[in-house]
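Working notes for the structure below.
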Amino acid sequence: MTPDHYAPERTALLFVDPYNDFLSEGGKVWPRIRGVAEQVGLLDNLRAIVAAVRAAGIRVFIVPHRRWEPGDLESWQRATPYQRMAARAQTFAKGSWGGEWHPDFAPKTGDIVVKEHWGSSGFANTDLDALLKQHDIARVIVIGLIANTCIECTGRFASELGYHVTLVKDATAAASDEAMRAAHEINGPTFAHAIVTTQELVTALSAP
Amino acid sequence: MTPDHYAPERTALLFVDPYNDFLSEGGKVWPRIRGVAEQVGLLDNLRAIVAAVRAAGIRVFIVPHRRWEPGDLESWQRATPYQRMAARAQTFAKGSWGGEWHPDFAPKTGDIVVKEHWGSSGFANTDLDALLKQHDIARVIVIGLIANTCIECTGRFASELGYHVTLVKDATAAASDEAMRAAHEINGPTFAHAIVTTQELVTALSAP
Amino acid sequence: MTPDHYAPERTALLFVDPYNDFLSEGGKVWPRIRGVAEQVGLLDNLRAIVAAVRAAGIRVFIVPHRRWEPGDLESWQRATPYQRMAARAQTFAKGSWGGEWHPDFAPKTGDIVVKEHWGSSGFANTDLDALLKQHDIARVIVIGLIANTCIECTGRFASELGYHVTLVKDATAAASDEAMRAAHEINGPTFAHAIVTTQELVTALSAP
Amino acid sequence: MTPDHYAPERTALLFVDPYNDFLSEGGKVWPRIRGVAEQVGLLDNLRAIVAAVRAAGIRVFIVPHRRWEPGDLESWQRATPYQRMAARAQTFAKGSWGGEWHPDFAPKTGDIVVKEHWGSSGFANTDLDALLKQHDIARVIVIGLIANTCIECTGRFASELGYHVTLVKDATAAASDEAMRAAHEINGPTFAHAIVTTQELVTALSAP
């Protein structure tokens, strides 16, 4: 699957979870994804895409996970084991350094910060779909973390909702090579419209 | 339509927009609804329902409208005229007194504060539906403001989503008697399961 | 509120419930709306809009209510009183004349027939939103029946979802003048972008 | 993750796509999943679960994919490559044997047949969520096909919507062992509440 034309006024970059806990040395989840992240050159690729996207006039949507707060999930009947684990670790805790934006990826003027999501999909229980419509978006490029959870789930929802979905296989990471392969070789082709490398995407965005 | 049994562990009170701008002397929207509010005894009725609901062990969900912030709607392609008017008035502005909870209705421990909605429905673009499921809720009692906008629209969405919906015709207000009549006599019966007075509701909630 | 430009490739006509039971002499619901329908010239206006829309190259989406079938709602815990009444009357019964399209408004090649809705909103529990996205639609013109139930509720959902919404006040009907006034004078202006007459709409669609 | 108590009046079996094209010798997709299906004992396991579920008084929801019809997707702007491939193959074609229910799994009286879905999630663009609410369902057991597409995507949506999700790793199949592993070892644990074998599930359902 190759990328084709990305009309800037109809395309959005969805940058999922650019938190220190995910992307910075010392972050709570960084150790879990560091191996894959360094192997694919994650940070440099994220920087390259954000620069290319801004140069092309494509709008950036920040799609953040819930920042943990005291009391979270306590009265919930059916939080998932995975959610309970993240709550125990106080991942992305509100007011903590880990819950702040990685300094290279903090929102700039004109970026849209979507409501925080509780699970894996940036669309579920948030205003992402309506905000995309209000900005006339038909295509989404989904980058950030983690390849087989939030990126895949946000991509699956986007596809079901009628958006064109591009995954970038070296602008995300996961806990293992196998999880990366599950995201991009096994599952991605069943719902995405394009699965590309950062280099391919940057080239497509720079095309006249 | 009469209320019947409200099992506490399956019922939620949805209190929409308990802001000073709506409910307090000096609030930006108060002058527009004051006539009807005083006529139905709105503040006393809201206090009576909240007290009865808490006594019955029914959980309170606060369902707040977007607190205006600088930049809101500026890049939107299709904000409604009504939304643009509210943005110009900076209704419920973040950090302002008008955007604070009315002191009698601020959330208490155990209450759930839902994500802010951009339009009229407390369900649209928020986590209300998922949070109701996580608390095993099958019935919603919808009170607050305004009868023919946020209350009606939240009730309509609830009904479409499969919840049992109770409207309380003197625990809300609107700009005119005619708008109240539209909400409770003309439209309410087409989607709600019960339309009651505060007195009828309090009696039903106090039944053994 | 006046209509402005309707780009054909971004606009859809949502024609709600063009069934014989609603629109034809002998239909089950026709007697309830006949007074208003004849007063506003409903049938002629619907014909004029459909013709103008097709001439302009705007796509028609048929948005149908559930055709009643034996067993409907029987196991539901929380059908609304209004739904139960319609089920008892077997409105739009599958296989019956009343559940067939009015002959002037049957789908033509290229029209999209959306999934049937159970309540009042053509968006709730159907594929309408995804189908609009798949056809690049940003604006919806909502006509058909009934002004203060399915038309209003479909319009409210469209607005919350981020679409531009046009109501046509003489291309719908209701049980009373008061219900028409509730739909177009009291509630419509709080969520719609344009509320027009058939004549105004046809003129706007014919503009170069 | 182990199953615990499944209260019959709060639990649903979601049986996804019990079509001949998937489950019968001669079906269009059967050759693609046959290897895994025979290895896990798919057909026998599906029969055992359906029998145990019915014996326990748990309601069956049939969650069917769109039966292909002429014209499908032709006017869509952004069908996925995967959807286009299925349309070219006319999978589950309406009126064909392949689009009929496998004879062992046809709906029985009291079963609920949900609206057909266009993509992978049984919730997207259908009435599944509302129908589950109308039947007071809090837990879903998701079986059928394919493990890493419709089953996973329906499970992910269910989890985001607030349901308790059980996957059954030998009551589904996929094109490869690797895809099964992606579904149950890599992705499932990030959103599901229980991942069990047929034997474990049947035992749990038979417990007093």
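As written, the chains take the letters A, B, C and D, and residue 1 is the first residue of each chain.
By our rule, a contact is a pair of C-beta atoms (placed from the backbone, for glycine too) under 8 Å apart; a residue touches a chain by one contact, two chains touch by 3 or more.
Computed from a predicted structure; not experimentally measured.
Minimum number of contact steps separating chain B from chain C: 1.
In the CA-based superposition of chain A onto chain B, the rotation angle is 180 degrees, rounded to steps of 5. Contact tally for C-D versus A-C: the pair with more C-beta pairs in contact is C-D. Of all residue numbers seen at the chain A-chain D contact, over half occur in both copies; the interface is built from largely matching residues. With each centre defined as the average position of its C-alpha atoms, the distance from chain C to chain D rounds to 34 Å. Our note on geometry: chain A versus chain D, Cα centroid distance of 28 Å, whole angstroms.
Distance between chain A and chain C, defined via averaged C-alpha coordinates, is recorded as 38 Å. Counting partner chains per residue, chain D has residues 77-78, 118, 124-125, 129-130, 133-134, 136, 138, 160-163 touching two or more of them.
Contact residues of chain C toward chain B in the complex are 1, 77-78, 80-82, 118-121, 124-125, 138, 148-149, 152-153, 156-157, 159-165, 176, 178-179, 181-182, 186-187, 189-193.
Considering their complex, residues 59, 75-79, 110, 112, 115, 118, 124-127, 129-130, 133-136 of chain A touch chain B. Here chain A touches chain C in the complex through residues 129-134, 136, 138, 160-163, going by the rule given at the top.
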